[in-house]
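The structures come next, written out as structure tokens.
Consider the two complexes below, in which chain A is the common component and chain B and chain C are the respective partners.
So, the complex of A and B:
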């Protein structure tokens, strides 16, 4: 490929893609290992029970058994068994293996080591556990009731976290209002299901007293912090590295009990230990998501403006506090992001409760709470439109932050939002689907017995949060990202970042940026990531942050390195660095291109002929920069969906799905569109197909891909993507986050579309055909009001 | 369970493996033959990440025991490229962002390889139908569909068919 003038902005194919098409990915399960022992876990079959006896004698007697471990063996290794860690949360003792009590079906009770996974699983079946069942707590609202069974014996209720907040003049807003809409929104549970499950190899070297963890974690430095703290090891003696990862989407951010158990086992066994999760273990034991209830009251004026917002939020946190990431994150973000979503709401109050229940913990997954807050806000907009008679597009226009209000400080936490293209994106999306002609079209289709609906969501995705969100809450989670760039002695470039890769194409988009800055061919830029021994400190891959924050760090490190190159070249050329330029692999005197050095020659001087250089120039070509954003970035989007509901089955057919997006400067449109399409498909899945269903006894009912339905190529429609580019003043090159946005805005667009098709309120994000059919029946029975499927 | 010596024909070569009869073909390919291109995604036949070709037709290697592959020609994704050189199908996956994390890619490439030989000039809908048994969690399928259509346009199906004869 000939080198373009500029790589940034071009749809350069992913530089890493070729090897994956040849089966040459190197995932954690592909690592060549010697003398490795395999783990299988015996798991709880009860949702809530006391362990009355745990007999591992038959397991230990199996000829293939290397060892059996229980909590009695591992718990003493832990110096800090209290997990979660958010300020204000109740202290919940955690253990890699259940101790005295089990709190969800699938909780690891014993770990078996054997020379193969087959044998380890055989032996796990021989572990004999007796339980005294306790009432299962599965509903978060009932969990908070005084008569509920309590998960943690030392607590007097299941309240894990409670918070209240009020700002502005909410009472005044209610007084000024022409009306108030009151609605209750709920969101079902689902999970991330990356196609590659979790997996870890831990190896303790008793000579070096060091622990090496290879794991598909999304945040290697957080994992290192947690593992080092829990095991009381110096972090510098723990190396965490992420090989290729087959998707993450948030669920590979936490350090779970199994990963901690494997780390402990490695310390005990003094050698490599491997655990690869199977799909059933994933569907019952990886963190799950949403499971939120938002009760909202919104005062409004007759012109369609929402004057304030008052909410009560209940979040189902599940059974234990996930180390560091916690299980308050869905609730906290719901509470804060309702008024950080691009709408001008300053008078606001929330009451938040996070309840512990006998289900896996809820934690971070693509979009975190925002798919639910967007669904709630856009449903409220539609309710106001219905009450006031102002059209649905116009209500949204009146509530979005106006261009002259930027920079806009949000009511919660004081995020400073940069300008976007809020109204333009909305207008463009509505125009593309023919919004003005919509009522007529919908009516025409109704006369033919066809139920067409138009759904709209619009607003901002809060991304790339800096230190203010987690770090200031006492957690070892960074907001920054670091990038180190070196030019080797042949003039080729190597960049290292603390982010990890799950297919976001960062090696390419950051390679483009670095290649542009250093004037080299992208083929000569190698980007590596995610290894605490080899890559600079950073917070890893989540919150749509990598291109934004890693890109900002890479840009500044490139700028510093470029200066260094010019300094070295200036010494040799006896020129002023300001008179030099770096382009096309050469440093030349501006206006006199014949006086030039190749980058290779400059590198040679820096490394091997430094004696010729002034003493204040270091004899190397490298630079490192760490970037922490001032608050967060806010990309904006509008989704408009035209869908049809089958009156016989409740199934949804998508006719159009328009997304108008603005993530600031687009580094690589191929990758940005890929991120959007993939995220939209996940938003669709979580709304109409994927449900982590539990019965009243806390038994999981969706434990295989036959029950937990991930969208196929026949479920995901063609999507129409359009972009505005309003650069962010807060980041390098003006980039804003994009990775989660599709998932944030898809569910609400589907839900408001179904509501429009059926003429009912849709108050639950769970729109499987049977749920939609239920809505249809209620419509036929003349009940258009609040419907919880 | 005692291991048994089995002879497998994989990617045109005969291999002897000494494995338990219950060992899945997927695990034998990965652990005993070092062919890690086929991946475990669900181990119950839904996701297609473990797809290999048996006598040229796609099968789920997580649903086959190793002895069942004896006497058949097994091809894995590692056999598709010409040495280090990508085929036009693989190149199309690169050029059209037919993958992100790469975990489903082996299965998708093999499905497309087999399908385009059957139907060298498919419509978009036919491609969507052809890959509907293989899950991708990253792309939303758009890039994969585009990749397979581009490969079809470049004549991959006819070429592969001619090459296989």
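So, the complex of A and C:
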């Protein structure tokens, strides 16, 4: 069927923009509520300690106190205590409020209910807890040592997950190699800092025996599964709905202790309970990310080809198991994606350990482990270039998967990668910055005392993973996505998806796609998301999956509905449906446009005059479709950065930042570019500004926006974005994921640029000016960095 | 991040404000632009029982120039930034003002508030210390004028008593040359290190911000050659023992101090020559 393309491919401004810029968004904190009780939490001041006494009498005696709850009050409600992880992970049973022990600074110890948050916070200060401190475990490698203090009394070590894997002929690769580069890479911790923090309103209706949760979760069905399981309620009696959300970036995927506590409290109190996270709670208690160590050995040939890869990965899992998703994701994705990142590596082995530590849990944040794997791979490429004398561009060219190797099956877990524009994107980006003239230019600037560097990252972002990632590992996380579309009795369109909106423009991009398929004006398409009572079963927003999978489901549902519209019209026009076309709100006979019905007339027939229709055409105009991807999609990109390091201050100035990207068919270039720019800014932030720092006692040191620095528009340079469009054969319209790719490739491009500017290895993704100063000192002392031969 | 409950009083005159501050007996705080105090209250790090809002007091606003500058405590930082008389009478202050936070903060934040708050990384205390300016404070019992170099005592600590209100800042006439240098991790953040330099009669004085509990003044020292400037900058860096924190190590801050001091003195002496 030929596709009308009135909207797809055009930079339509977001249809939600007017509502949001006029302050008419409706977030959790905006919900009108009657008789709501507010929660504040008393939190642990210790990273690791036994609770020797917990006295809430002073708090309970406060005149504004409605109730104080501790773990003992809530535990009877937790019929099935939650634990985080999949098959093979150690079982870390959790409680929404600490029981006996605390394991991170900020862990909720007691919940206070009052008529206002102000009063609740006053009362929370009166909760009196005595602790017997235990040694804080803050370093994941030390956490794995036999002499480390152990977080969970019933475990014999802090190992949460261990995995080993080998494929191909790695021993042979080392034998054939002309040399081996060895490097150790680490990455600092950071978090997602959505503009809107977490928030929840839970309301139990004791007449209906049903629980309604309004919360800015990214995956409402997963949240429903966890909450229903923990409270032993039928999932059908639990509704989870997400109103507008001011960003998530992954950190709103977990169901956290606070949200579970609020759900429990609404059962106890039989009325609406509200908790809005403040920024300090966000910076100390929302999931954090990266904190990965990758030790790599890469055998190579003198022509610059990496022959294999052997890695040891240690991931800091944090203090407790994240319900369902667990804390394995960063480590496991690092292990898998080192060889699913667009490079042709078939001989591979990894050893992975995820360690528990006395810090907030690590889970998923934009890009997950890939910013670190790309940093490691491109640093290894540069190390091979340095050893072999082959230029840095050519080394990458020799290692990227060749066009004739697609579809390419990855060495780990059998992902099938579709074709992209790997070499074209690399060549284009290098050409745009004048790579051939670069060495001469860099040398010229050096003679002027100016330290210029060129950074390169290239490869693939694995996105839109299907059931194989979580579902087949036993978790209630769906890989598919669903879309229901209805044409109402006046010809207007309503679409409902299981995804959630975080401001990424799905109302627009999917609206474009649906409007094209159904031949209507985009203003007549309303897209809603994220409500377990009202939207089809889906998996929510993560893994750059919404436009890819939600879009595929929407496309198929639209196609079904279009077919039905034509059938209904054909019956009335006494024509063959194949002779009809639907465009501009009309169904007409091809070649005879005067014989036509408006969509409104067709809808009227379908809803109110169905008795005129043949019996095989059901009344109404509704369709639902679910789409499950065969494996994942792989968008490819190359980033090239030209930067300058100020030897006086350690500051990094960006002179050029070129990104050549291929996410298949671009539904809306404004939205795609916005996704890239925002993601690149977050990648920059995580590399040079945003660090969740902990001291050796496990105390968080970056607890406000004065110490946890998020990039502003003044810190983000101009980005030069270019696109190729190699459609994916696996998805509707050929769309591939785009949401995370900027974050995936930015850090490595900055790090390899700094390494090039200073002539030293950059081994850690934490390039604050002070850290760059340390590198400058290494340059002065002739210390290249971690071992490279 | 909600403040504990407090009493809010609005003072119509300086005398009324002073009465309320005295009655608070150490538990009352003056509220001007609220850019620092309110954030501290939300973090429950400041817990005033009474907030005395001095915003309505007209006599505390405005700038007068008579060679030097007399700045009323409630003059906003934005008003100073936009006042041509300020640029004329104190090029050093004019150069430092855009470094203070962001425009929205300068629209609310006041000169007196910044001085009274005494953040060691804030710009105004550093500029006042370099210029040897004075701070005027008043209580029910009278007024006194304190040299800036004695006013800033330590982290968020000043020579003003609980019952005293900062009413004005007085800057001496412009020096022969001046320059302000600052490095922060993002534009508008508190300085990792800032350097205010004033040059008079071939001698440079620098005040260093962000490196100690209060601005550190070094000099005056003759700076008649490039080598002398470098030596002066190095001695300034060696005279301090800055803290290590999430934003940078002690060594880095010392390095930055030397670098920025050299830059500032070079510019200040070049400005003088031109």
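In this text, the second predicted complex is superposed on the first by the 780 of 789 C-alpha atoms of A that agree within 3 Å, B and C clash if a C-alpha of one lies under 4 Å from a C-alpha of the other, contacts with A are read in each partner's own complex, and residues count from 1 in each chain.
By definition in this document, a contact is a pair of C-beta atoms (placed from the backbone, for glycine too) under 8 Å apart; a residue touches a chain by one contact, two chains touch by 3 or more.
Note that this is a predicted model, so its numbers are computed, not measured.
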Contacts of A:701 with chain B and chain C, given as first, second, both or neither: second
Which superposed partner A:279 touches (first chain B, second chain C, both, neither): both
Which of chain B and chain C A:677 touches, first, second, both or neither: first
Which of chain B and chain C A:196 touches, first, second, both or neither: first
First (chain B), second (chain C), both or neither touched by A:693: second
Touched partner set for A:27, first chain B, second chain C, both or neither: first
Touched partner set for A:651, first chain B, second chain C, both or neither: second
Touched partner set for A:608, first chain B, second chain C, both or neither: neither
Of chain C and chain B, partner touching more chain A residues: B
Set intersection of chain A contacts, chain C complex versus chain B complex: 118, 278-279, 704, 706, 712, 714
Chain A residues within the chain C interface of the complex: 117-118, 121-122, 125, 278-280, 648-651, 689, 691, 693, 701-702, 704, 706-707, 709, 711-712, 714-715, 768-770, 773-774
Chain A partner contacts - residues on chain C that touch it in the complex: 1-5, 43-44, 183, 185-190, 192, 245-249, 251-252, 255-256, 259-260, 263
Chain A residues touching chain B - in the complex, by the definition given at the top: 13-14, 16-27, 29-30, 118, 193-197, 244-247, 249, 276, 278-279, 502-505, 670-671, 673-674, 677-682, 704-706, 710, 712-714, 716, 718-719, 742
Residues of chain B that touch chain A when the two form their complex: 20, 22-23, 30, 35-44, 46-47, 49, 76-78, 80-81, 86, 89-90, 93-95, 97-106, 109, 127-129, 131-145
